[in-house]
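Given below, in the form of structure tokens, are the structures.
Both complexes shown next keep chain A, but they swap its partner, so chain B is in the first and chain C is in the second.
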Partner chain A sequence: MAITYTKKLLIERVQRHIANDFPSAEFPISSNEVLLYIDSAIASTFVGSVMGGGKITGSMATPEAYVVTAQLSSLVKNDVTGEWYATLPQTPMSLSLGFSITNAYFGDAADGVSQPIWLIKNKRVAYRDYMPKPNVVSGRVVKDVFYLKAKDNSPLLNLPVYVDMVTTRTTDVNETIAMPDDILDVVFQKVVTMCKDRMNMPKDLIKDDVGQGSSNVSKV
Partner chain B sequence: MSSDIQKYVPLKQVISYFIDENSLSWDELDKSWVIAFRALVELNQSIAAEPITTRLPVEGNKTVVLPSDYLSWSKIGVMDSNGQLSTLKVNTAITTFKDNNPNRLSHLTPDINNVLKSLSVVPFYYNYGYNGSYQTLYGAGDGLVQFGECVVDETNNIIVLEPEFKYDSVLLEYVSSPQENGDYEIQTVLQEAVIAFLAWKYKLGSRDAFYAAKIDGRRSLPKKKVTLQEIAQAIRQDNGMFIKA
Partner chain C sequence: MAVTVDQIYKLCLRIIRKNQSGSLSSLEFNDFWSIEQTAYMSDLLGRFQRSNNGKEGANTGLIENQTIITKLSPFIKNGTIAVSTGNGPKPADFQYELALRIGGEMVIHINHNQISNVNNSVIDPPSVSNNSYYCVEYQHYYAFLPNTVTSADLDYVSAPVPVLWNYSFDGSGRQVYNPSGSVDPVWDDATCWEITERMLKKVGVSLGAKDFEQYANSVINTGN
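And then the complex of A and B:
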């Protein structure tokens, strides 16, 4: 079993890099703040990775390493719209549904996995009912809520929903990051840059072998 | 025999071919299904429809209500003793006046006498000699040997029969609206036509490419295939001894 890479390790790496030693209690940036930087850096790196890959190959695809399968909480019925809904682990990335959420389905040990839930982009929701529909369960996402509806409006009570989606979040800092190793350095550099901005750290050029009179370090 | 190749293929399978071929993402399933459904409609209206036959009762007002899944008819007739469908004559002169009224027949009060031969001013050559008497050349009862006359009122979804129609039911061969059974299906020989239609609508192909695939599929339809048996039969039926011109 390979060593797993967690956000805790990454936070510590950033703190050591900046403090140049074990971070003390007075380290000016908190772990939670570094965690926020890490989450946003992973997200922007992921979107860039998908877009960049699309430019090279001609078709966009989600790198597998970012994808996590999550079982959603029990479905609840919206009595107004008749839809069933559950909350996603996080708001999807700013790519279209097939890339931010790569699959969704029902599943249990007795029956196995269902046919996929068919996604409806929000821009198509308003007029979708004017057109014929396949005999499937369709889904749409509003913020972090996943709304589901069967063609025949049959109840979806107690059906376990699984979603394969890109997630930048983890339940705690000790959970393995869903990210390929080759992106680690990019994320690290981004986080360090953001920390430097935050701390407004001066970038001193220290040359030990230069005489005092020629040093660029102020004598004051 | 591989079960992966069947006579019919569901639309979900065809759109999966298309999405896979073009490396599209999963969220295109729904949109591509809608477009594939349009391809199904287009192909069904032109070449893919397979007519079904049903027996329909004749109502008291000598009309026949068409089935709810009726799209267009191909044959209207009655059954003969050999199990063959003997078609009725389509007589567009039969009026659709009050044809959905239960008392239609009582409203068919003639304005003129439709037996032209009784008019002394009508020359005999306007009529047609049949069965020892002259019949009119148009209108009901013009002398052709058929078992009845009808006209289809598409707006009211009924077949209108002549007032003297003798039979209790008619056979209708018609193109029906496809019914979903899990998914809509289309003949496998037309799956490339549906894929070409999708490519055209996704701006990845052209109408010409779709048309070519459609013609190609049409030639492969089972009912369009020419068999040696049919050729031999055609030669036997059409062979005759004629005076050379």
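And then the complex of A and C:
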């Protein structure tokens, strides 16, 4: 039987590992909490592995398994700056543009895919505006907002924007997990460690006789 | 062949070596046996805080192993609770909750002093769409969160029905077993005999016979 690797699977795996069985209604860590632990563990593991890999090989690279393509919502014009913007699926990872967001472009069925959007760091925007560049659209990110601007200030109304970016958060627990298999063990261990921390905290139980292996009852 | 209440009553009389008009009347038998089966069920469900308030170790609650669940299985029922404004009454014969589900999803028991924080939770707020259900208990009903749920499925251990050795009178005015109207126990055979032997403790107290009490204590402690 082929098992699809999803976050739901990982949640169940963690819960069954800790409960040493199927968890019952008295299991003290909810699926959503485990999911939050998983999301944060993936994020920290991703950044750590990219930075660590860079130290060893001399060049940083984003493993493709983390990258997810998202179509952004319709672009809206910022009347103050003249830029067009849309919200990203999440705040990017704490790596430079190119590593957190690996690619961005316009595309639709009629016209195909545009040239890639030029990803520019915020601190370089002023400088780049005075540099020669082809007739492209450049983009910058503030928190989770993607600001776009055409070189000739052409309107970007109704242009569908696609972004390839590292995504750690979850919109659907049944989707195939965006993570290489070699990271699974690290993420699993991190989450289990967090859960064990919680289990060791004294706490009363609502229902009695939950086995010690699956309870967080005080050892007093 | 399931044990009948008549067989049990006859055994009792045989053990205490009394005939039908002896000191253990059928009314006493009905009472003693019914009380004893409730006590036996309590033993299976667990006796609380015999040792300390830490709720650990033996005798703290229902041990859901195969033996105990099999013994209790004649009393395990599945029912649907109708919920109105968040409140769902427990069944009249409710004894112990085994599982509570809404729409197939689990319902989490919370403490009463957790209600406000659960309502304000951003991770797992009470929600029908997210299948996050909670409950607390008041009097003889559950109070569910969110209070918009309309029904819940309850697996529970029901209280044992009292046995009844029904009788009619023979020509000499003696009680004669009448299967019609009698209520047989639903325990498995071995448990029926064990409850019967345990019941002798009460008979012993009633008759002032220490040997019955000692025998019953031996059964309670060793099973024989």
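Assorted remarks:
We take it that the second predicted complex is superposed on the first by the 187 of 220 C-alpha atoms of A that agree within 3 Å, B and C clash if a C-alpha of one lies under 4 Å from a C-alpha of the other, contacts with A are read in each partner's own complex, and residues count from 1 in each chain.
To be clear about the criterion, a residue touches a chain if its C-beta (ideal position, glycine included) is under 8 Å from a C-beta of that chain, and two chains touch if they have at least 3 such contacts.
Please read all numbers here as calculations on a predicted model, not as lab measurements.
Of the two partner chains, chain B is the only one that A:N135 touches; chain C does not reach it. Once the two complexes are laid over each other on the shared chain, residue contacts for A:N32 go to chain C alone; chain B is not touched.
By the touch criterion defined above, A:L97 lies against chain B but remains apart from chain C after alignment on the C-alpha atoms of chain A. When the two structures are aligned on the shared chain, A:G48 is found in touch with neither chain B nor chain C. In the superposition on chain A, no contact is made by A:G82 with either chain B or chain C.
When the two structures are aligned on the shared chain, A:K121 is found in touch with chain B, with no touch to chain C. Comparing the two interfaces of chain A, the one with chain B and the one with chain C have no residue in common. Residues 58-61, 96-99, 102-103, 116, 118-121, 124, 128, 131-132, 134-135, 138 of chain A touch chain B in their complex. Put simply, chain A touches chain C in their complex at residues 24-26, 30, 32-33, 36, 204-209, 212, 217-220.
Per the touch definition, chain B reaches chain A in the complex via residues 11-12, 22-31, 33-34, 37, 180, 182-183. Of all residues in chain C, only 46, 48, 54-56, 60-64, 97, 99-100, 106-111, 123-124, 132 touch chain A in the complex they form.
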